[in-house]
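Sharing a structure here in structure tokens format.
When the chains are written out, they are named A, B, C and D in that same order, and each has its own residue count from 1.
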Amino acid sequence: METLIAQILNGLSLGSIYALIALGYTMVYGIIQLINFAHGEILMIGAYVGYFSVAVLGLNIYMALLLSMFVSSLVGVLIERIAYKPLRKSGRLSVLITAIGMSLLLQNGGLIVFGTDFVPFPQVIERIPYRLFGGRFVVTSHQILIFAVSILMMLLLQYIVGYTKIGMAMRAVSYDKEAASLMGINVDNVISFTFVIGSSLGAVAGVLLGLYYQTIHPLMGFMPGLKAFVAAVLGGIGVIPGAMLGGFLLGIIEALVSGYWSTTYKDPVVFVVLIVILIVKPTGLLGKNTSEKV
Amino acid sequence: MFKAKKVSKMFGGLAAIKDLHLHIEPGELVGLIGPNGAGKTTAFNLMTGVYSPTEGELCFVGENVAGLKPYIITNKGIARTFQNIRLFKSMSVIDNVKVGFHGHIQYSLFSAFFHGKTYRTVETEMENRAMHLLQIFNLQDKRDELASNLPYGEQRRLEIVRALAAKPKLLLLDEPAAGMNPQETKQLMALIHKIRQDFQLTILLIEHDMSLVMGICERLYVLDYGRIIAEGTPEEIKNNPKVIEAYLGEEALHA
Amino acid sequence: MTKKQILVLSSTLFFVWFVVYMATDVWGLINSFQQVNIIWAGINVILAVSLNLVVGFTGQLALGHAGFMAVGAYTSAVLTMHFGIPYVLAILAGAVMAFFMGIVIGLPTLRLRGDYLAIATLGFGEIIRGVLVNIDYVGGAAGINGIAKITNWTWTYIFTIITVVLINNFIHSLHGKACITIRDDEVASELMGINTTYYKTLAFSMGAFFAGIAGGLYAHYFFMIQPATFALQKSFDALVMVVLGGLGSITGAVLAGLGVTFMNAALIELGAFRMVIYSVLLILVMMFRPQGLMGNKEFSARVFDRILPKRGGKDDV
Amino acid sequence: MKRIMLIAFIALLAVSLIGCSSEETSDTIKIGVNYELSGPVATYGNNTVDGIKLAIQEVNDAGGINGKMVEAVILDNKSDPAEALSVATKLIAEEQVIAHLGPATSGAALNVVPAVTDAKIPMISGSATNPDVTVDPATGETREYVFRTCFTDPPQAIVGAAFAMDNLGAKKVAIYYDNTNDYSKGLYQVFKAEIEAAGGVVVAEEGFSADDQEFRPTLTKFKDAGAELVYVPAYYEKVAKIISQARELGIDVPFLGADGWDSPDLVAIAGAAALNNTYFTNHYSSSDDAPEVADFVKAFQAAYDKTPDSFAALGYDTAKLLLAVIAETGSEDPQVITDALAATKDFPAVTGTLTFDEFHNPIKEIAIIEMVDGAQVLNTKIAPSN
């Protein structure tokens, strides 16, 4: 029982990271129904900007976060404007392939620009382990930070989408782009704004990932990105609390598989869960049913 | 031939179709009319299996087809065209027709891979039959054009050819005259008459063009807000106050 | 296709085989590096053409092609090494195994809409890899080493030609056209009486079958296989070839398979830059020529009619 | 169907295209360098190549060999065994190198072996630890043209196991290895066998995969199993994360590893405090005060502005050894070089004085390095018994 609780705690901390990344995926998917494969790479860029701000420019962590959110948003919007926007009217397949191309480009470009070494991320926030119940359970300051940030981000997103003007425009665009533009909504700007938010979230996740796992690498975004996408699908893609739920669930599943079976089966199990969910409830746990127009 | 009993379709909490009753006798040419958004296309989607009804029964030649997959229903003998043309754009005109044969002319996968003797005989037969159909619709010269390169009117005609290739007993036409000029509409009317004779078809059509509907349909159903509000011959429908109200209401809205 | 054309075609094919065979084994004109690339060219053509069947013709974005290649490679390697099964049979067995995996994976996932399918197949590729790493019988992460080196120019050529001819035949049959209608308009396709799930699964598992052949050829040429070889990167490579060549063009896929192989060889000194070039190409092609360089066009038969002394009969393809 | 003819033509065209490669006669000594410069294990390749480049630079700065400059043809094998073979054939057939360095991983190296054997070109890997690389497992015969400058898996694991039992007094050990890496798996298997043979117990053993960052679930398992020592035969980046997560979880037992740990980033990632009470087996220590080591570390820092890890040191040694043999024999004949390599005795390498045994494996002392407040301290040196 004790181990079980300890493992669930382990899973929650991993899960908050997935949740944070999944929020970015879900934002973009919710508005333009695109799996932004490059999201993981935007996260990587955010992490490197964070690293350079702290290690080279000597900024404090908050300034570094802001700078990294800014640069990531810029990259995100650029990607959208250059690569995705011209394809908005072509088939899904084209956009999806472009997104994969973007992801590959940023990964390999990153390997050339940043090198192939793992870069130690400056530990600007002290890692303090808190031992609970006489050391039976351990929670670290970083875990609490990540958990808190991901919950905060979810609430913030819920607020933006649900209660602001731009959020209303976003919802309108997600229902029907043409109708929205007829209603005087600047669809391009709304989509760009979505990418700003998604990419900023990615940047936050990247910096936190660097802090938490102590290194950054040009390929660091790919696997977590993929897992986070699985998390988003699990919870119901396009649904903000779904990303959260999916992230936590995935983290816990991974921890339990690692703890009670074997780490090496963790990834296969995650993908099996994905496939099962897609078959049993394609819209995810919190997703709504939609049917295709004829 | 076809009967809908108490069919309803809900989307979320909204009823797109409510208590639909329909019956079509063999050989009839029936029209389904109604204002925009009345649920006409939804009714077609229910009849062809695109949607499965929330409740009710759809009987085709004595068999309940509600909830069956679209391809099964098509192979049982219901074929359709679409309001917004849905041809296979990257395929040639003749290939679009050949695809229509899918349910009843076939050869094995083995023949498909090795192009044996059966392959050749079946392909030749299909070729002839497709050309025959194209001739009826005066499309034989376009056989190798890409479907997407045809002018609008010809695309509409090709859709009907493709549906006919599926050898339907019941043909559903979704606004076949949409976007056509009066001249073309007239030709189309003649064509519909002709194929009904030649292929012994039962036809149900949705149409906005009243001249076409009144000209060729023997019987009409009027749909409004997902319900049948009237049924009868064109003469009866013309004078039905409910129908006038539904349409006037719509016009008032547009004005 | 007339008898004469068949004759010209098969003699050309034989001539190509003969020239390369002589150049490699007798005249010694082709050095070992070029030989490796010729084998790669064959494998890549098979991968590109078979993936094109799924992505290009049927319109289903599948990202697990390398997984099927792995199934073919491992199955055939185990059969030749541990069971003494003859090479050709082992390769076919690997392909059949991949085919069945294709059905198992395809049936549930192909019901999903396009973008989910991409993720599900990608996940499947990772599952295959993850499982192989955990099986000690096939060497775990270190893989299988010491597979007999049987694949050569002749075998590669035969399997490549067979793959291209069969897939080409399939595409031009009614069954193949059914697949194309799914790409063009899945709803209309179903309403024309086509069982779309059946055809999607068929195309997917046929693609898997030929990917399995590519895997078998690979295993018996590079004589060592590891799970890492069949990672996502390989699936992406195949996708790049399909997209560059043209979604829905056999000629395009063949050209891209050859082109990418020889570009890889020519640009070998660029190292990591090659991937950057490919990804930029991928994006540019999608932006400016989304149907791929060849689009869905095939090389017109007329080119050949001009070469041939007399015009042949009606072309049936 | 006819389009197939065109395909055939194109195939012909392609064949003729790759047929025309450039032949150049050079007055340099060409060395082929075939390493993992991109892909999942690019770190190993890049660091090794840094060491190789430094060694060649030093030789060239000193006037080359017999008046000829040494030219390294460095190609990337993308961490893919098949690509490694392709690169090797390119180096041999088109660049006409007289010797082949690399690749880093055993899988890729094994794939290259037949190509160099056919071409009778000597090959040296700095980090392929699988015994099969230099010895054909089917026949038990040493591969004539293949050498390595690193340990094979057994000696390090044997010394490690002895150190764990005798010096650290650990009877119950847990093993955490990289399941996707054959180096790591090899060490794990030998270590486990040694511990059990010496009367110890392996209370828990787990593999992780190359993408893993989260080790807490497995470490929690180790904690429950009551391990007195954790053996982590992996590379520094994973090791650093494993140890710091373990320390956070309150696992204070010693950690033991192998040469893959050796990198300044170990401390940079994990922090000095977490690494106290950890040990690893290595060929050398960058804090060693032997003159070869000190000079190398200084030169490397000057050239690349970073401290060399074990890959860099082995790369440097590999190139230095090869160039020394070429200089000594005064010959550019690959066969002569091969024979001279096999006869190497007491070569003063950075990673220890090197002598090849009959299996073309180096006989070197093994150093046990202890991490003390972020610094590598030589704990003891042990000559492996077999």
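In the analysis below, a contact is a pair of C-beta atoms (placed from the backbone, for glycine too) under 8 Å apart; a residue touches a chain by one contact, two chains touch by 3 or more.
Computed from a prediction, not measured in an experiment: that's the story for all the values here.
A.B. asks: Suppose chain centres are the mean of their C-alpha atoms. Which chain sits farthest from chain A?
C.D. replies: Computed centres place B farthest from chain A.
A.B. asks: If you average the Cα atoms of each chain, whose average lands nearest the overall Cα average?
C.D. replies: Answer by centroid distance: C.
A.B. asks: Weigh C-D against A-D on C-beta contact pairs and write down the one with more.
C.D. replies: Result of the comparison of C-D and A-D: C-D.
A.B. asks: Provide the C-alpha centroid distance between chain A and chain D, rounded to the nearest whole angstrom.
C.D. replies: Taking the average C-alpha coordinate of chain A and of chain D, the gap between them is 36 Å.
A.B. asks: Please compute the C-alpha centroid of chain B, do the same for chain C, then give the distance between them in whole Å.
C.D. replies: 40
A.B. asks: From the C-alpha centre of chain A to that of chain B, how far is it in Å?
C.D. replies: Spacing between the chain centres: roughly 46 Å.
A.B. asks: In chain D, which residues are in touch with two or more of the other chains?
C.D. replies: Correct list: 37-38, 40, 42, 179, 209.
A.B. asks: For chain A, jot down the residues that touch at least 2 other chains.
C.D. replies: Those would be 108, 111, 262, 264, 267, 294.
A.B. asks: Got the chain B residues that touch at least 2 other chains?
C.D. replies: In chain B, the residues touching two or more other chains are 50, 82.
A.B. asks: Okay, in this complex, where on chain C does chain D touch?
C.D. replies: Listed in rising order, the residues are 1, 5-6, 8-9, 12-13, 15-16, 19-20, 23, 29-38, 40-41, 130, 133-134, 140-143, 145-146, 149, 161, 164-165, 168, 218, 222-224, 226-229, 231, 233, 250-251, 254-255, 258, 262, 265-266, 268-269, 271-272, 275, 298-299, 301, 303-304, 315-317.
A.B. asks: Which bits of chain A are touching chain D when the two form their complex?
C.D. replies: Where chain A meets chain D, its residues are 3, 6-7, 10-11, 13-14, 108, 111, 115-118, 120, 123, 127, 129, 131, 135, 138, 140, 213-215, 219, 223, 254-256, 258-259, 262-264, 266-267.
A.B. asks: Tell me, which parts of chain C touch chain A in their complex?
C.D. replies: That would be residues 55, 59, 61, 63, 108-109, 111-116, 118-120, 122-124, 126-127, 130-131, 133-134, 187, 236, 239, 243, 247, 272-273, 275-276, 278-280, 282-283, 286-287, 290 of chain C.
A.B. asks: Touching residues of chain B toward chain C in the complex: what are they?
C.D. replies: Residue list for chain B touching chain C: 48, 50, 69-71, 74-75, 79-80, 82, 86-91, 95, 98-103, 105-107, 109, 111-115, 119, 122-123, 126, 162, 166.
A.B. asks: Hey, which residues of chain D end up touching chain C in the complex?
C.D. replies: 1-12, 14-15, 17-19, 21, 37-40, 42, 75-76, 78-82, 85-87, 89-90, 92-94, 106-107, 110-111, 114-115, 118-119, 130, 132, 137-138, 179-182, 185, 209
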